[in-house]
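Dropping the structure in here first, questions after.
Naming follows writing order (A, B, C and D), and every chain is counted from residue 1.
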Amino acid sequence: MTFKHKIFNLVDENNKGSLPNRAFNIFIVFLIILNVTAIVLESFSRIKSTYSQEFYIFEIFSVVIFTIEYLLRVYTADFKYPSKTKIGSIGTFLSSPLAIIDLLAILPTYLPLIIPIDLRFIRILRLLRITRLFKINRYSNSLKLIAEVFKDKRSDLGVTIFVTFILLVIASTLMYYIEGQVQPDKFPNIIASFWWAVATLTTVGYGDVYPITGLGQFISGIIALLGIGLVALPTGILSSAFIDKINSKRRADVEKCPTCGRDL
Amino acid sequence: MTFKHKIFNLVDENNKGSLPNRAFNIFIVFLIILNVTAIVLESFSRIKSTYSQEFYIFEIFSVVIFTIEYLLRVYTADFKYPSKTKIGSIGTFLSSPLAIIDLLAILPTYLPLIIPIDLRFIRILRLLRITRLFKINRYSNSLKLIAEVFKDKRSDLGVTIFVTFILLVIASTLMYYIEGQVQPDKFPNIIASFWWAVATLTTVGYGDVYPITGLGQFISGIIALLGIGLVALPTGILSSAFIDKINSKRRADVEKCPTCGRDL
Amino acid sequence: MTFKHKIFNLVDENNKGSLPNRAFNIFIVFLIILNVTAIVLESFSRIKSTYSQEFYIFEIFSVVIFTIEYLLRVYTADFKYPSKTKIGSIGTFLSSPLAIIDLLAILPTYLPLIIPIDLRFIRILRLLRITRLFKINRYSNSLKLIAEVFKDKRSDLGVTIFVTFILLVIASTLMYYIEGQVQPDKFPNIIASFWWAVATLTTVGYGDVYPITGLGQFISGIIALLGIGLVALPTGILSSAFIDKINSKRRADVEKCPTCGRDL
Amino acid sequence: MTFKHKIFNLVDENNKGSLPNRAFNIFIVFLIILNVTAIVLESFSRIKSTYSQEFYIFEIFSVVIFTIEYLLRVYTADFKYPSKTKIGSIGTFLSSPLAIIDLLAILPTYLPLIIPIDLRFIRILRLLRITRLFKINRYSNSLKLIAEVFKDKRSDLGVTIFVTFILLVIASTLMYYIEGQVQPDKFPNIIASFWWAVATLTTVGYGDVYPITGLGQFISGIIALLGIGLVALPTGILSSAFIDKINSKRRADVEKCPTCGRDL
C-alpha cells in the first residue's frame, strides 16, 4: 500500500475499517463541535472582548487543520472518484456537495486577506460537516432511508411546494389590496404582505402583522385552514413513502413458494 | 391538416408533440411570470410612480396577447371538445374551469372601459394560469396523483370540514357569551369571535385576540387541542389515500399465478 | 298503517324512503340553520335592539316546532326502540345522545320561566342537531368511517391524551417555579401556568404569556418540540386506522382461491 | 407463601391478580392525584397561607407512605429482579427508571434536612408515578404499543431530532448576524437567537421576537416552511411504524396454506 493510499484510508469518510481512520474522523467531528461552540460563545460581546485572542488562535488552528485535511482529500481524490485523468477525479471531488461545504468552512477565514468583506458568519456552515458523524455510526441507515424517501417523492413534494408558492402569492396580493388601504404601514407592498402570508400559512402567527378588516380576516382564516392542508399533504406523501419502503423490504425478505416458484 | 387544425396544435395545452407548441406554451408561461412580477413591483408606490407608463404599455401588450390566445382557443374549441354543434363545443369550453380562469385574467383590464369599478387586483389570478406549466413537464403525474387523492377522499375531507365548521360556530358563540362580557372590544359579536376561533383552531394564534377569563381559557385550550385533531384527521385520510394509490399500482403490476390463474 | 306509525315515518331521522319524511327533515335542518343565523345576528347589539321583537317571535315559533317534534318522537319512541314496556322505550329514547341534544335545544327557552338564570347561549347547541343533515345524504358513510376510526383507536388516543395531560401538568409546575419568580403577574399560580403550557404544546402561542428567563425558555422549547410529537402521534394512529379500514374492505372483496379454498 | 412473598404480591405493580394488590395500587394512585392537587393548590398564595399547616401534615403523611412503600420494594427486590446476590437484585431495582422516579418523589422532602436548597418543586415528578395507573387497567396494551413504536423507530426519530438541531443552530447564527445589527435587544447573542429559532420552527410564534429586516424575514419564512417538514417527517415515521405493527399482527394471525405448508 503506497503512502498516498495510506493517507486516503486515513482521511476518507466512508472507510469504517481502520482504527486510525475512526480516530481521525472523531477528532474532526470533535473539532467541528468546538468550532460551533466558539462561534456561539463569540456572539456574547463580553466573552468575545475578554477572550478575543484565544478565539483568534483557536480559529487559526482550526482552519489550518481543516485546510490540510481538505488538501489531502484533493490529493487522494483519484481513489475516491476513479477517472481517466487526475484532473477529472479532482474536478468530480471539488464539485461534490460535501467538498463544497468543506470549502465554505475554511474560505471565510481566508477571504478577508483578499477582499474587505466580513463573511465570517458563513463559518457556521462548518456545522454541516457534522454529517460526517452519521457516516461513522449506526444512524447511517436511518439517514439513508430518510434521504431515499425524500428522493423518491421529490416530484410530489415539489408540486406541493409549487402550489404552496402560488397560494402564497395570490393571498399576498389580495391582502395587499384589502388591508393595504387601512394598514398601509403593515401591508405597504406585496413583498411585505408575503411575510404575513408565510407566517399565516405555516401557522406561526407572530402577531406583528394581522388583518383587521372583515374581508381580510376572512381570507386570513381561509389561508390558515389551507395551512392545515399544507401540513397534511407532505405528511401523507412521506407516510406513504415510509410504508412503501418497509413493505418493499419485507417483500424482498419473503421466500419463494415451492409449488409454483413464485413469491408467496 | 387545415389552417384551423394547425392553430389548434399550436395553442392547445395538452399537445406535447410539436416544437412550436412547446415554444408557444413556454412563451405564455414566461409572460404570466412577467405579469405577476409586474403586479408585485407595481405594489411599491415609488416604482409605480416612476415607471407607470412602462407598466401600462406592458399591461396592454399582455392583455392583447392573452385575448388573441383566448379567441384562438374559442375558435378551435371544436377540436378540444368535439360536439354536434359548434355552439355546443364553445359552450363546453367557455364553462371549463381553465377557460374561466383565462377569462378572469383578461377581463379586469376591459371592465373599467364599461363600468367604473377597479377590479385590477383580480389580475393576480393570471398566476393560476401557470398550472399550464405542469402540463408540459415531468410534474404532470404528481399533480394528477395529488388531484386524484383529493377527489377520492372529497367525501371524507368534506365531512371533516363540515365538523370543523360546526365546532368553530359553537366555540365562537360560547366565547362571545363568556369573553364578550369582560372584553367587549375584542369579542363584540359572534363574527368577531369566529376570527378568534379560526386563529386558535388552526393554531396560528396571532395574539390580537385571546381569552382572559378562566372559563374562556379553558374553552380556548380545548379548541387548541382539538386543533391537533383537525390536523391529524385530514392527514390520516390523505395518507391512507396515497398508500392505497401505491398499493393499487403495485397490485396492477403483479403477474398472474400459473397454477390457479389468479393474481398472486 | 296506523296514524302513530305514519307520524313515526314522518319524524324519524333514518327513514330515507318517503318524500314527506325527506321534506320534514329538510325543513328541520333549514329551521336549525335559521336559528343559528338568528343567534349570530342577535350578537350584534344594534341588530338585536332594532329587531328584538322579530327575534323573539322567531324564537317562540322555533321552540314550538322543536317541542312538537320532540314530543312526537317521544310518542313514537316504541317504534324506534322496541321494548317490552312503553316506559322502557321512552327511557331508551330520552337517554340517547341525540335526544339529549334535542332537549338541550329547547330547554333554555323554557328555563327562565322557572328559574331566573339566563342559559340562552346553550341554544347554540341546536347546531349539533344539524348532524341530522348527514343522515339524509351521501356523506353518511364518511361520517360513519371517521366515527369508526375514532372508536377503534379510542384506547390509543386515550393514552395519548393522558400522557399529554401529565406532560402539561409537569411543565406548568416547573414553569410556575421558574418564571413565577420574575413574572409573578404572568405565572401567579399553576393553573395560570397551565394556560401557557396548553398554548405552547398546541403551538398556538398567542404571545400573552411567554418565558423570559433562560431556563424557562429552554423548557418552553422542549415543550414546543414535544408539541410536534403530540401532532405526530395521533396522526400516526389515525393514519394506520384509515389504512387498516381500506385494507380490510379490500380483503373482504377478494375472492377465494379455487385450489386451496382459502382467500388469495 | 412467606411473609416477604406476601408483601411483594401486595406492593408489586405488575401483579394484577389479587384484590389487596389492586386496592393498594389504587390507593397509591389516589394518593398521587391528591399530592398533585395539593401542589397545584399550594401555588395559590392565598390558599397556601390559609392552609399551610394542613398542607404540611398531608405532605409528611404522603412522604411516610411513599417511603415505606419504597423500602418494601427494595426489601422485595429479589422477587422482581432475581439475581445471584441480594445486592445485585437491589442494585438492578435502584437503577431501574421507575425506582429512580419513586426516589425523586420522596427525596425533595428529606433534602432540606441535610442541605439548605429548596427542591420542593421536584415533587411534581410524583405525577410520573401515575404511569402505575396504566399497569393496572385496559390501557396497558395501548401504552405498550406506543412505547414499542417509539423504540422501533428511535434511530429514525433520532436522526430527525439531530437534523432539526443542526438546522436550529445554523438558523440562529444567521439570524444573529442579520437581525442582531438592527434589533440588538432581541437578538443579543446566538443563544437568544436560538429561542427565536425554536419558536419559529415549531410554529409556536409567541411574537416576542421576530425579524424586521427583509433578509431576516426571508430566512424566517424558510425556517417556518421547514417547520412543516419537521412535523411531516416524524409523523410519516410513526405512521409507518403503527401500520407495520397492525400488519405484523395480522400476518401472525393468518393460518398456514394446506397445500404448501407456508403462510398464505
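In this section, a contact is a pair of C-beta atoms (placed from the backbone, for glycine too) under 8 Å apart; a residue touches a chain by one contact, two chains touch by 3 or more.
Just so we're on the same page, UniProt names per chain: A, B, C, D = Ion transporter.
These numbers come from a predicted model, not from an experiment.
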Can you spot which of A-D, B-D or A-C is a repeat of the A-B interface, where more than half the contact pairs line up?
A-D
Approximately how many whole Å separate the CA-defined centres of chain B and chain D?
43
If you average the CA atoms of chain B and of chain C, how many Å lie between those two points?
30
Residues of chain A that touch two or more other chains: which are they?
191, 203-207, 231, 235-237, 239, 243, 259
Once you've mapped the touching chain pairs, tell me: line, ring, star, complete or other?
complete
Listed in rising order, chain A residues that touch chain C in their complex are 203, 205-207, 231, 235-236, 239, 243
Listed in rising order, chain D residues that touch chain A in their complex are 155-156, 158-160, 162, 166, 169-170, 173-174, 176-177, 180, 188-191, 193, 200, 203-207, 210, 214, 217, 220-221, 224-225, 227-229, 231-233, 235-237, 239-240, 243-244, 259-260, 262-264
Would you tell me which residues of chain A are touching chain D in their complex?
36, 39-40, 43-45, 121, 124-125, 127-128, 130, 134, 138-139, 141-143, 145-146, 149, 164, 191, 194-195, 198-199, 202-208, 230-231, 234-235, 237-239, 241-243, 245-246, 255, 257-259, 264
